[in-house]
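Both complexes below contain chain A, partnered by chain B and then by chain C.
Let's turn to the complex of A and B:
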């Protein structure tokens, strides 16, 4: 089947699936950023044991594939009386995993802040929480934009794994179309192109943001 | 714990490790070839390299795996998921490693090139005595990172029914509903493999540094 006709027939189906991919990716990216910041705060402020706990968390998620937390939450939550929809379970797994990487990215950027600023913050009487919120966090976030962009791209690609828990995002939709129509590769080529588009768009977005907000 | 599940998971882990090992070896060879293309004299070849890396890194591994899995029978290649999965993993690892090696070659200081040329080293000797040792040392940490990623990425192949650690775990869970135990064990197996590779890489790094090499930046 030629691609023009293929796209004409199945375009709307793809768009719905694209919507699911976009929604889960954006939602999970925001959640991961927030949880990543929280992990950073714990590491910086909760003493030695807090730092060790965050370290263990990061190592655990860095050395296991994302599919495991996805399956864990999807299969286990109904058993403990939390029958959440699959999208929420999958999104939560992506958040937990990516936050581990994000907290490490942010930690790298904390080291780029001049020590003098911490003394300055203390000398003008800023409380630790205000120091974190008004001095550390804004700078850390701006320094981290390129690395966060990379991480967001990885997260976006990992949303394809949610097809394993029957969420009809792009990858699942392509699989369904392939099985329904018997066309061997058309569905996946279109989806691959859509992913390339999304990934490139994300990269451009982060580059533009970085250029707009970095220190002049 | 359901009886026999530990042995099944251990077998699955062995398959995962084997898949990753094949992909790392194949991917490394492919990456050396690709990295050579990246420095080709011809703009077309360099562009082809960039397109390859862009496409492979810009699409999820799962999409590539499913594409190959479904498309191969249509091309009259009834190879089954194992061949398809291994191929895709090699293609994926190759793209990541090619970028690593390209970065390593770019990091070689200019004087090294100039002195190699002024000594009149033929291309092959230049590669063997200058480029390869330097790039090995520059790129070992990111190389190890990619190796860890490959082990984790092999779990994706469970979705195209390659029987490895993740699929073994999923099968046991669907039979016994022992979600926490089984996934915990599977995570432990992955952790040992990935963490082990990471530590091994660091050991090797120290070993290379100890041998005292003129290329060390220290």
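Let's turn to the complex of A and C:
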């Protein structure tokens, strides 16, 4: 079938799926950033055992494919009486894994802060929490923007795995259309173009943000 | 380092290549039959998540009724059941695997539907099938009529026939759509769904494996159905040979081999070779 005609007929059916991809990606990215910051705080403030705990967490999630927590949370949680909706389970799995990466990104940026600043903070009487919130975190976030952008792009593409647990995001929509129309190439080329669009948009967003806050 | 602008140009070039590659080229092709014979090996696309048709056993080996049928086809071609290579895909991956020529033929609990037969050709059926409903015993569902309530959820596979049947037989039931039968099964096992619809032999296999938790509702959703070998349409020589092979298995000279496989997976004899012959 002619590609243009196929897109004209089935293109609009991608809109809801595009929405699901965007919503899960944005939600999971925000959640992962918050949980990643929390992990960093634990690492910096909870002593040696806190750091070891975070290390173990990071190892666990970095060394397993994200499909595993997605499946586990979606299919195993109902057995222990927690039948959360698919989108919550999938989002949680993405948050848990990406937070592990993000906490490592942020840790790298902490090391880039001059030690003198910590001494200065203590000398003017800032409590540890205030030091973290007012001195460390703002700098760390700004330093990390390019790397966080990369991580967000990875997360965005990982949302395609949510098709495995009955969420009709872009990849699932392509699978459904392939089954319905038999036009596998058309269905997946459209999805490839839409992912390309989303990823490019994300990159531009992070680049503009970085440029805006870099020289403060 | 590429500039922003030249990166966009490169991206656009990739997209263009993708679009061109996506439109299959025409031209005279020689029959798959000759390709397969020259190669000395049969390439079969299959699912790996539909017991007892095609699934991985405890040792991770791909086994099943449909797998053995494919091996029987290889035996007919090369006198060797091992001259076959299996390509595993998910449900919707079966059609592009055939269309692109990646595989010579396909099996895997695949039902013949007229609308499907527009995109892929089917041989005559190598086994009767039908769609049954598997329910969890906890749900208390005893009939398809019970199931038709909005407090129940059914797990579908991502093909339009599943959606159509749901609309027809239980329009009020909530629907979850999965891309593999094993995910459908997990959904019922974990309590995500109360029921699933799948080919009768698969439903019976799962019910037998989980006697305490699941059962198959009596009766079929709609009519008895046919599962066939599928292949790229338009290749008369290859289609005719495969169809002949299937006919020989079910009604002719290869009935004994076919019966052996049928016995192995279903523990009973296949339908009689010819309806007017005494068994």
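Just so it is clear, the second predicted complex is superposed on the first by the 215 of 216 C-alpha atoms of A that agree within 3 Å, B and C clash if a C-alpha of one lies under 4 Å from a C-alpha of the other, contacts with A are read in each partner's own complex, and residues count from 1 in each chain.
Here, contacts are C-beta pairs under 8 Å (C-beta built on N, C-alpha and C of every residue); 3 or more make two chains touch, one makes a residue touch a chain.
Quantities reported herein were computed from a predicted structural model and do not represent experimental measurements.
Engineer: When the two structures are superposed on chain A, do chain B and chain C clash or fit side by side?
Structural biologist: Overlaying the two complexes on chain A (C-alpha atoms) leaves chain C and chain B clashing.
Engineer: After superposition on the shared chain, which partner residues are touched by A:19: those of chain B (first), chain C (second), both, or neither?
Structural biologist: Neither partner.
Engineer: So, does A:176 touch the first partner chain B, the second partner chain C, both, or neither?
Structural biologist: second
Engineer: Examine A:185 and indicate which partner it touches, taking first as chain B and second as chain C; both and neither are also allowed.
Structural biologist: both
Engineer: Touching A:201 in the superposition: chain B (first), chain C (second), both, neither?
Structural biologist: The answer is neither, since A:201 touches no partner chain.
Engineer: Based on the superposed arrangement, let me know which partner A:67 touches: chain B (first), chain C (second), both, or neither?
Structural biologist: First partner only.
Engineer: Is the number of chain A residues in contact higher for chain B or for chain C?
Structural biologist: Of chain B and chain C, more residues of chain A lie in contact with B.
Engineer: Output check: A:166 vs chain B and chain C. Expected answer is one of first, second, both, neither. What do you get?
Structural biologist: Touch partner of A:166: chain C, not chain B.
Engineer: Please indicate which partner A:11 is in contact with in the superposed arrangement: first for chain B, second for chain C, both, or neither.
Structural biologist: Touch status of A:11: no partner.
Engineer: When the two structures are overlaid on chain A, which partner does A:75 contact: first (chain B), second (chain C), both, or neither?
Structural biologist: Once the two structures are laid over each other on A, A:75 reaches both partners.
Engineer: Would you check which partner chain A:128 touches, where first means chain B only, second means chain C only, and both and neither mean what they say?
Structural biologist: Neither chain B nor chain C is touched by A:128.
Engineer: Looking at the overlay, which bit of chain B runs into chain C, 78-86, 132-140 or 186-194?
Structural biologist: 78-86
Engineer: Need the overlap of the two footprints on chain A, from chain B and from chain C, as residue ranges.
Structural biologist: Touching chain B in the first complex and chain C in the second, residues 75-76, 79, 163-164, 175, 178, 184-185, 189, 192, 196, 200 of chain A appear in both lists.
Engineer: Spell out the residues on chain A that touch chain C in their complex, using ranges where they run on.
Structural biologist: Those residues of chain A that touch chain C are 3, 74-76, 78-79, 83, 86, 163-166, 168, 172, 175-176, 178-180, 182, 184-186, 189, 192-193, 196, 200.
Engineer: In the complex formed with chain A, which residues of chain B make contact?
Structural biologist: 54-55, 58-64, 66-67, 70-71, 73-75, 148, 152-153, 155-156, 158-159, 166, 169-170, 173, 177, 179-180, 183, 186-187, 190-191, 194-195, 198
Engineer: Which of the residues in chain C end up touching chain A in this complex?
Structural biologist: The contact residues of chain C facing chain A are 11, 15, 18-19, 22-23, 90-92, 95-96, 99, 118-119, 158-160, 176-179, 183, 186-187, 189-192.
Engineer: Which residues of chain A touch chain B once you look at their complex with the stated criterion?
Structural biologist: Within the complex, chain A touches chain B at residues 59-60, 62-68, 71-72, 75-76, 79, 157-161, 163-164, 170-171, 174-175, 178, 184-185, 188-189, 191-192, 195-196, 199-200.
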